[in-house]
Amino acid sequence: MAPATYFLLVSFLALVTSQAIASDPSPLQDFCVDDIHSPDMHALTLMKVSGFVCKDPMAVNADDFFKAANLDKPSDTMKSKVGSNVMQFPGLNTLGISLARIDYAPLGQNSPHTHPRATEIITVLEGTFHVRFVTSNTDNGNKLFAKVLNKGDVFVFPQGVIHFQFNPIRDKPVVAIAALSSQNPGAITIANAVFGSKPPISGDVLAKAFQVQKGTIDWLQAQFRENNHY
Amino acid sequence: MAPATYFLLVSFLALVTSQAIASDPSPLQDFCVDDIHSPDMHALTLMKVSGFVCKDPMAVNADDFFKAANLDKPSDTMKSKVGSNVMQFPGLNTLGISLARIDYAPLGQNSPHTHPRATEIITVLEGTFHVRFVTSNTDNGNKLFAKVLNKGDVFVFPQGVIHFQFNPIRDKPVVAIAALSSQNPGAITIANAVFGSKPPISGDVLAKAFQVQKGTIDWLQAQFRENNHY
Amino acid sequence: MAPATYFLLVSFLALVTSQAIASDPSPLQDFCVDDIHSPDMHALTLMKVSGFVCKDPMAVNADDFFKAANLDKPSDTMKSKVGSNVMQFPGLNTLGISLARIDYAPLGQNSPHTHPRATEIITVLEGTFHVRFVTSNTDNGNKLFAKVLNKGDVFVFPQGVIHFQFNPIRDKPVVAIAALSSQNPGAITIANAVFGSKPPISGDVLAKAFQVQKGTIDWLQAQFRENNHY
Amino acid sequence: MAPATYFLLVSFLALVTSQAIASDPSPLQDFCVDDIHSPDMHALTLMKVSGFVCKDPMAVNADDFFKAANLDKPSDTMKSKVGSNVMQFPGLNTLGISLARIDYAPLGQNSPHTHPRATEIITVLEGTFHVRFVTSNTDNGNKLFAKVLNKGDVFVFPQGVIHFQFNPIRDKPVVAIAALSSQNPGAITIANAVFGSKPPISGDVLAKAFQVQKGTIDWLQAQFRENNHY
Amino acid sequence: MAPATYFLLVSFLALVTSQAIASDPSPLQDFCVDDIHSPDMHALTLMKVSGFVCKDPMAVNADDFFKAANLDKPSDTMKSKVGSNVMQFPGLNTLGISLARIDYAPLGQNSPHTHPRATEIITVLEGTFHVRFVTSNTDNGNKLFAKVLNKGDVFVFPQGVIHFQFNPIRDKPVVAIAALSSQNPGAITIANAVFGSKPPISGDVLAKAFQVQKGTIDWLQAQFRENNHY
Amino acid sequence: MAPATYFLLVSFLALVTSQAIASDPSPLQDFCVDDIHSPDMHALTLMKVSGFVCKDPMAVNADDFFKAANLDKPSDTMKSKVGSNVMQFPGLNTLGISLARIDYAPLGQNSPHTHPRATEIITVLEGTFHVRFVTSNTDNGNKLFAKVLNKGDVFVFPQGVIHFQFNPIRDKPVVAIAALSSQNPGAITIANAVFGSKPPISGDVLAKAFQVQKGTIDWLQAQFRENNHY
């Protein structure tokens, strides 16, 4: 890739940021569709970032604001699947919102995690499941909020708090729709970030933090090295 | 109502505004739950504004972030029903998002309107329906974008543009979930605002704007005076 | 145009957006002047977007912040003329404001429209004219606010509401100055967007929305097809 | 004043701030009119702050968005008069813009100052005058930009930079309209803040800063003590 | 406490939020000092929130912007001490920044945590210590960044990422200054939130998340129940 | 430099702006490191702007978030030295904060100036020094706030106000750490901007503004022409 092109591409990374920094949902145009079909996007993908290059407005059409998905075909189970953030849905670029369809297998769960850039509001389409979040540090912090949701119920997870959901039923899946207040909410899965980081966090530090023997930490980290799946 | 109380209440109106102005989704606390169960809220409701008084954090519980809704019981048809904006869902206060469940009767529609404060992302739970939006004025503006959505499909309406949806099928309803990027998106239904305003807009102005005889305008406005339903 | 150049240009479209998203009026430099005199701008113009490429700060001079206009020479009548948004005034780029000089011929009007991205504050230089706006949907919504303005009077139209102005006098023009709280406020002229969209909105939908016979809608749309002027 | 009332009032000061902090121009309602006619406002005025208490929306009318001003009657000369910031125009509350009509007597000037919270865009209604601004510190900073404006000309002063205007003509006044991108732009008149502060700045510090003898500074400060006019 | 007063106070909680939501650092006045010395603040403190009631500007003095701290007297060791967020420093209210002085005893550490509302920039005054942060989930996420800092060195932790610091030296303390880009950054200590929440998180969920036997989780949670110190 | 490259570079200037405009501290990625080591950066430096090109995330490492500085080696005296704004510290890009280490020689001072884009919070590491700021124009404006700071003391300067610091001691230096709430706060040194601008401000204007004879102004400006040091 020629230097000129390279810098052109990396300038898009800056764009990603500058667009994201601005949480104000009124762009200077009606829309700025991410041009994912352009050849250079492949290079960007290799760079692990979506390009956020605006398509020529004259070439934009309704399909840019559309994403087909079959609710009858469950997505992979055990973990959430964000179905339409800006990485997968070019029309969301600069519009400050995203949507996910989530499937939970029987006894499946979405482990404790945070979304650093969005509040999440979730509604249940099928089944019964449990939602939880933990507040931040204060004299009364680290308080667990818990609720059971049935079909049609709605719940909101405030931005930044650690939260999780699980399907306690042995023989029925759960289907839910989650909307997030950012075109790219981000996610930090706690266990993976703390015990599965590359390279691993010092066992001495984690032993102190979790108030256990270093041996326990070593073993926890070993689990993640073996079967690490994000 | 004593002056003191009155000013206390109106100060809440200012709060509503100041909270809304801030589109940044990171509040200074984990949450600020709207205290709708307080006696003063009744007065506020009479004043046609939700209070946005934060509940004592120690009194907040999971139910504040929960809204029960039965997807099997359709909401009233022919028009959209925003099921959980901050007016109806105290936990959404300051969190920058809201969610609506929408039902369309056979041949029902959600007439052309705008949301001045939010982008809308919609997904279909049942049925088939048509979505449209029109871009703003430019040399190539007022362009209509159209798409047919089936179960599971997702579509996004950029903030501020005129948009609408309708169910073209004679014998099947449509159920959809819409998420909006504001705790209180607002709505302006074009026909009602232009032909049903109180008092009515001058017929001469509308005749020029719509390029018709004043008589046609008079008649259009008469329709709205008779069967005005918001 | 070589692919490299093309992507360079479209990256500017993204810039437009990212700059707009940010409504905060403090840029990282004193200014970022739109470089409209650069050759590539022609390509951008063909793409129907102003480039928002910052001029080399060393090349910026006072003329970049200046726009000549002759108040004695009226602009075209019957509709407003936004005299200095960022498309026409490079120095406004990133500065969060624009200014318009508006002329109304005798009996001229600025038809019902919205500015999705700005509040408008207007003052009368010559003549007498009428201003109106309609509030959004609520139990008490779609309320018409009306005022007559004389020379020197000031009026404000809140962001996003439908508003219009007209000169009721048969033999005197009106001259006004309007300031808007965005470098590119945008505009949606209601009648044109609803009855003049390309392609047209389904007559059945509009008939229901406006509570008239489909025939009336067909005829309204025909007017716009014939003498459409934006 | 009872403590309860006192705290109610001071809570308005916080409101002022919170509303101002948010530069996003889309409030949660169509408007939040400052209730300046309420009895408690007198107390607030004594506290040198406008209240920003929202009027009951049902009581709001077109006059709240209107300000009468007679362009034929010049305002006091020699210095600018901000004719409609939120302190004087309740309808501007939360709407992110303000407007000023400025009169310059023959040889009058608006001395070097900054607006910490707004960009200013100015247009000339009558006469000829000179505009200037100075850029901030950089290797090429503190550069003076200068322009002569005639009737109808427009000029923009970027937010935060030191700027000034003057009427060089011995026998003709200047009338201008200035719009600012904040409901309360604020102003810091350099000479008054540096040489007229209460208490005065140490003469030693100013002598070093301005590279003159302390005696010169003492004399400069004496001038301001005598005929201090803001 | 009378209902009226109660609602007055809770309205301050909303203020806290509205001020925080707005990350724009330009208030409508020069400052809005938190009035912590007012009687009602005691009630607010009981409610575990600082009041953010603006002091009468006429009563504000230099001490409101000042906080005495003796760098020779170390703060308590083993964990960080945020020395001047808005809870402890009234003048910071609405100004968008806070500062902490941090002491690490020999072998002391600040365990893995996130600041949901701020980037942290840290500089070392005395000693040598280690800083780490882990990136969020992506194909290449959960990457550990590590650095050793000596006296005078500066390091930045991007907002929202899990990070920690420790003093590896057996016989020398570390003193550091951390600045955060919010008047109230917030903190979530991972181990405490996950294993020390009240009530505890289901052992089954954590066993799956951390890929260990439920017995290990039970034991981890027991540690926290015994010697829980925030 | 080829046109293509030139426009690529200037697009970075726009990026600078768009990133700055957005004061919201949550980017769309964990970070966007300024790629200062790229060849094109030399050209950008000549253009007196840092590039804000994001490095390929895969190439980012801990050194990008690190800045070495030796607190034992004082920086140049008499004026402040901002040690780590984004121009000098690529990792700060988009993160909304910067840090400065400031040294004051005996009797040294940091002359009256403003930071248009940031609040400043300062803490003393060594010595005793004086801090001052002056409020903006109001009936009670241009008020001087003064405080003496000793080792460990903290003081905050609200955004946009004129402020300064000086070391009154004849034989001891002062060392301080200042954090600012922007990645690029900007600075306007009053005396230099008013009396040292290029070209100079008209003596007549300054004579009126400072209420002195034009001769005094001429002499003040002459001082700056001779020994101008920024």
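As written, the chains take the letters A, B, C, D, E and F, and residue 1 is the first residue of each chain.
Everything below uses one rule, namely that contacts are C-beta pairs under 8 Å (C-beta built on N, C-alpha and C of every residue); 3 or more make two chains touch, one makes a residue touch a chain.
Since the structure is predicted, the reported quantities are computational estimates derived from the model, not experimental observations.
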Over-half contact-pair match to D-F, picked out of the listed pairs C-D, A-B or B-C: B-C
Rotation in the CA alignment of chain D with chain E, degrees, nearest 5: 120
Copies chain C and chain D touch via same or different residues, half shared test: same
Distance between chain centroids, defined by C-alpha means - chain A, chain C (Å): 37
Distance from chain F to chain E - Cα centre to Cα centre, in angstrom: 27
Centre-of-Cα separation between chain E and chain C, whole angstrom: 45
Interface hub residues of chain D, defined as touching at least two other chains: 4, 8, 11, 15, 18-19, 21-27, 30, 48, 57-58, 116-117, 136, 140, 146, 159-161, 186
Sites on chain E touched by chain F in the complex: 23-27, 30-31, 57-58, 61-63, 65-72, 83-84, 89, 91-92, 95-99, 101, 117-119, 121, 123, 125, 133, 135-136, 140, 145-147, 149-161, 177, 179-182
Touch list for chain C against partner chain B, complex: 48, 109, 111-114, 116-117, 132, 134, 136-144, 146, 159-162, 164, 166, 186-202, 205-206, 208-212, 216, 219-220, 223-224, 227, 230
